[in-house]
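What follows is a structure written as structure tokens; I'll ask about it next.
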Amino acid sequence: MSAAAVRSGAARTPRFLAFFTGAYILWSLVPVAIAVLFSFNSGRSRSTWQGFSLRWYYSDPFGSVWNDESLRNALRNSLVLAVLSILIATPVGVGLALGLTRWRSRPAKVANGVLLLPLVTPELVVGTALFLVITNGYSFMDLGRTAQLVGHVTFSLTYVVIVVRSRLLSIGPDLEEAARDLGATSLQAVRLIVLPLLTPAIFAAGVLVFATSIDDFVVSSLLSSGSGTETVPVKIYGSVRGGATPALNALATIMLAASMLALVGVFVIMRLMRRRQGDDNAGENSLKELAAW
Amino acid sequence: MIHPMSRRRFLSLSGAGLSAVALSACGDKKESSGADALQIASPSKPVKLSISADNQAIKGGLAVESGPLRIANYADFVAPELLAKFEELTGATVEVSTFTDDNEALTKIASGSFAVDLLMSTAIDTLPKYVATNLIQPLQKDYLTNFANLWDSVKDPFYDQGAQYTVPYTVFSTGIGFRSDLVAAPLEGDNGWDALWDSQYDGATGLLDSYREAIGLGMLRLGNTNLNTESKDEIDAAIDELKKMLDTTNPRIDVLGYQAIPEGTTKVNQCWSGDMLLALGYLPDDVDASALGYWQPPIEKRVINNDAMSILAKAEHPVLAHTFINFMLEPENAAINQAYIGYQSTLAGMEAETLIAAGSIPENLANALVTQDDFAKGLRILALPLAADEIWQNAWSGLNTGG
Amino acid sequence: MSRRAQRSPLNPLWIGLAAPGMAWMALFFVVPFYAVAAVAFGQVDPILRTAIPEWNPQYWDFTSFSEVLDRVVGGDLRTVFLRTGAYVILAVLGCVAIGYPVAYFVSRHSGRWRATLLALMILPFWVSYLMRMLAWFNLLQPEGWVARALSVLPGDDRPWLNGQPSTVVFGLIYGYVPFFILPLYATLDRIDGRLLEAARDLGATSNQAFWRVTLPLSRQGLIAASVITALPMVGDYYTNDLLSASPRTEMVGNQIVGYLQQSSQPQIGASLVLILAVLLLIVMAGYLVSVNRAQKLVTR
């Protein structure tokens, strides 16, 4: 009776929910698809379709992403910042995750708490604070790319720690202890056992840092030193309400493509690694890891 | 003051200019002790700005540096064609750092994070601050062979007698732009601004996001032409007037009228004269240029202003900077610039008849060009003593709370 | 157990691994807040009107801060704070209304579509916030597709991008719902299916199973997701800026940015940041306390 009841009970609700979910997905993704579509508009409008063209990508002599230096710079700045952020935030974050999970003490608990704060603090608050401290206190630093990098890393650290730590917890301390029982030092255990097991999570963390940095707006603009350090989101924000052409859509589309490429690439790698580690649900688990939980 | 030119002032909200807060520890800004160090000028009290002994003009006849020329300006506020032309002429590259607001430019230059040679589009009421802190250097007229092309009235302006530090960049009036095909009746007469308070345009009006201009509009409508008042009562009265506008038509408050009007997003929009000329480039395909209209108050109630170019005291390429200023003073280049940014310069050749004949502007926008006559008679927005400035700002931010 | 105690957690390796990160957070997250206070309670350069921070608490000047506090508690800034609170609450409710059914469906009923739906649900999280706002901005312009479609409805020709609170709240919902859905999904996913089976075995209809088992079990996760969404939303200023240019929808973030940038009173901006940070801390602390209490209940 229970199987039949479950089946009949389960069959009723999902139809509305399925429709609702489908509608949600359309609602959340179709506008973006339309924005991408208009990047191929042949005219200047971002809301009236005037034909297909690649002019905003490279052929328009002054306005295309290829030819407009400010757009190109924004693209370059975004990518450089993202790569640098990965290079800094990932190792520091992995270290944090490892260290804080194993080192049980007051400072560690406080650090854990502080690490959660960026998740719930508005970027405006943190960005403002960073701006003030850099311009008034830390005289070894200037506004500009370094400052923006610092801001990006500070926000990304939390994500790295969350992803790596959850993987660490699910791996558990047993393998490490077994290694130590067999004579390895703690360092060797970490290097030879834990890190390899963590690799999918580290990849996920890296690509999360990439996405956080690429999409970051508030901190990037608060800590920029002028048009030379504008990133793509800053450029979009500044131009949306005024004087923008579909080149803006093109810029956003290029960034989107970069993110998606990174995402898909890393997902494939992660799924491969997980399968090798014996994970039966590699695909879904990789997806979950990429969403930081 | 929010400079009239800050059309990208929107960017300021992106925080690129939290500069108002920054004052990093470097040297020569904090010498002056107070507002009395600021030499505030007005048409009736012209000021000859002081030149300190350690901030003299460079000598004439020096060789032009190889560059690059670093300019600070509003985004998109000089024709790229001109920059390319200049690069070809001198062989030096041009780099533009952008700001979105006068205060931002000032702070960034003061703190050293803008290491530029040439500063463009500075409002004349910010000028005293630059001079008081020795941030800009006096000009060496030997390099400015085209100086004679300027209108006579700006060769010796009241805010900088003898044009020691500055050369004007653009000139503009403040009025109301509209689309004649979308409004019930074209704005005309002495009280065209009433349209902004007309409930039939609810949701289709715009106000300039500039506290001096917007509050000034309230004052002018009440008949008060003292736009540099320090009286809190007068300011509050103007604010009340604006609150009525907020209630009846809920205007957008930004500096993007040059796009909103041609696209029809707003039907009646407070804007600068240059905005309407710039708007010509934003007309949708199915709208003709004759649909654009610009109304300005009668001359005794009309705000007319100009901004300035100056060279920074710490410029590494001063001769190149002078060369660029001279380059911009050529009527041919000024015309190219006007065609791109919409705003006119104070040079010969900017008369309505010339531009209409050349087909650059339609007849219906002839009044969007400032004549030398008007320039002499218009109302000016001047610098304020700091305490008064704060009253204005607080009033404006109070209005913006929407409460 | 005793073996684990032998591996004393004071192993310097762990400290060494965590140290760089901790130093970083201290230097670039904790200390900056002190700078905000130093500016809020400091002076202003008389000519350049830029902030002169006061690092020494002995010389802190609270006049400007108390003026701001007065305005927040009883003056014109109160409207802005209340309005921001209202928008955030409405937006979070919207997120719950939209996000919960979707998360529930994908976690419990999606069957073989699960991985695909999961990917699609995660996707917006990866698309730049600004790009999504850009998309809606274009759609809501007078000649945009959505604006035109909506104008067909009787009596609805509002200019969507001109100071409409509904547009701003809508924008907030659209922007933040992916951040809400993901943690909620995680919670719902973790609910043991067997509990629901047990409920059905005991005769519950699927409706009852939901209201009496799933919903209560997801309560903590729901609250957590709401907090993670609501708190950052309070500092949002760009959504309002992009989708409305009117004082009618002014939020706290706009005032802060306005004061810090275009005014000659940056210390007011810094004061506002402080007040905002304290308010959020209070909410955060309240949330943590309630979580703690709930956990104690569970482990008793």
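Just a few scattered comments:
In this document, chain identifiers A, B and C correspond to the written order of the chains, with residue numbering beginning at 1 in each.
The working rule: a contact is a pair of C-beta atoms (placed from the backbone, for glycine too) under 8 Å apart; a residue touches a chain by one contact, two chains touch by 3 or more.
Model, not experiment: these values are computed from the prediction.
If you compare A-C with A-B, the chain pair joined by more contacting C-beta pairs is A-C. Seen from the C-alpha centroid of chain C, the farthest chain centroid is that of B. A straight line joining the Cα centres of chain A and chain B is 40 Å long. With each centre defined as the average position of its C-alpha atoms, the distance from chain A to chain C rounds to 17 Å.
In chain B, the positions touching at least two other chains are 10, 13-15, 18, 21-23, 111, 254, 256, 284.
Residue positions of chain A touching 2 or more other chains, listed in rising order: 45, 48, 128, 132, 136, 217-218, 237, 241.
Residues of chain C in contact with at least two other chains: 39, 51, 141, 143, 237-238, 241, 245, 257, 260, 269-270. Every residue of chain A that touches chain B in the complex is listed here, in rising order: 43, 45, 48, 62, 70, 127-128, 131-132, 135-136, 139, 142-144, 217-218, 221-222, 224-228, 230, 234, 237-238, 241-243. Those residues of chain C that touch chain B in the shared complex are 39, 45-52, 76-80, 83, 141-143, 158-159, 161-163, 237-238, 241, 245-250, 254-255, 257-266, 269-270.
Considering their complex, residues 7-8, 10-11, 13-16, 18, 21-25, 75-76, 80, 95-100, 108, 111, 113-114, 254-256, 258-259, 282, 284-285 of chain B touch chain A.
Listing the residues of chain A that touch chain C in their complex gives 2, 5-6, 9-10, 12-14, 17-18, 20-21, 24-25, 27-29, 31-32, 34-35, 38, 45-48, 92-93, 95-96, 98-100, 102-105, 107-108, 111, 114-115, 117-126, 128-130, 132-133, 136-137, 150-151, 153-154, 157, 161, 173, 177, 180, 186-187, 190, 211, 214-215, 217-218, 232-233, 236-237, 240-241, 248-249, 252, 255-256, 259-260, 263, 283-284, 287-288, 290-293. Those residues of chain B whose C-beta lies close enough to touch chain C in the complex are 2, 9-10, 12-15, 17-23, 29-30, 32-35, 37-38, 101, 103-104, 106-107, 110-111, 129, 132-133, 203-204, 206, 209, 211, 246, 250-254, 256, 263-266, 284, 386, 389-390, 393-394, 397-403.
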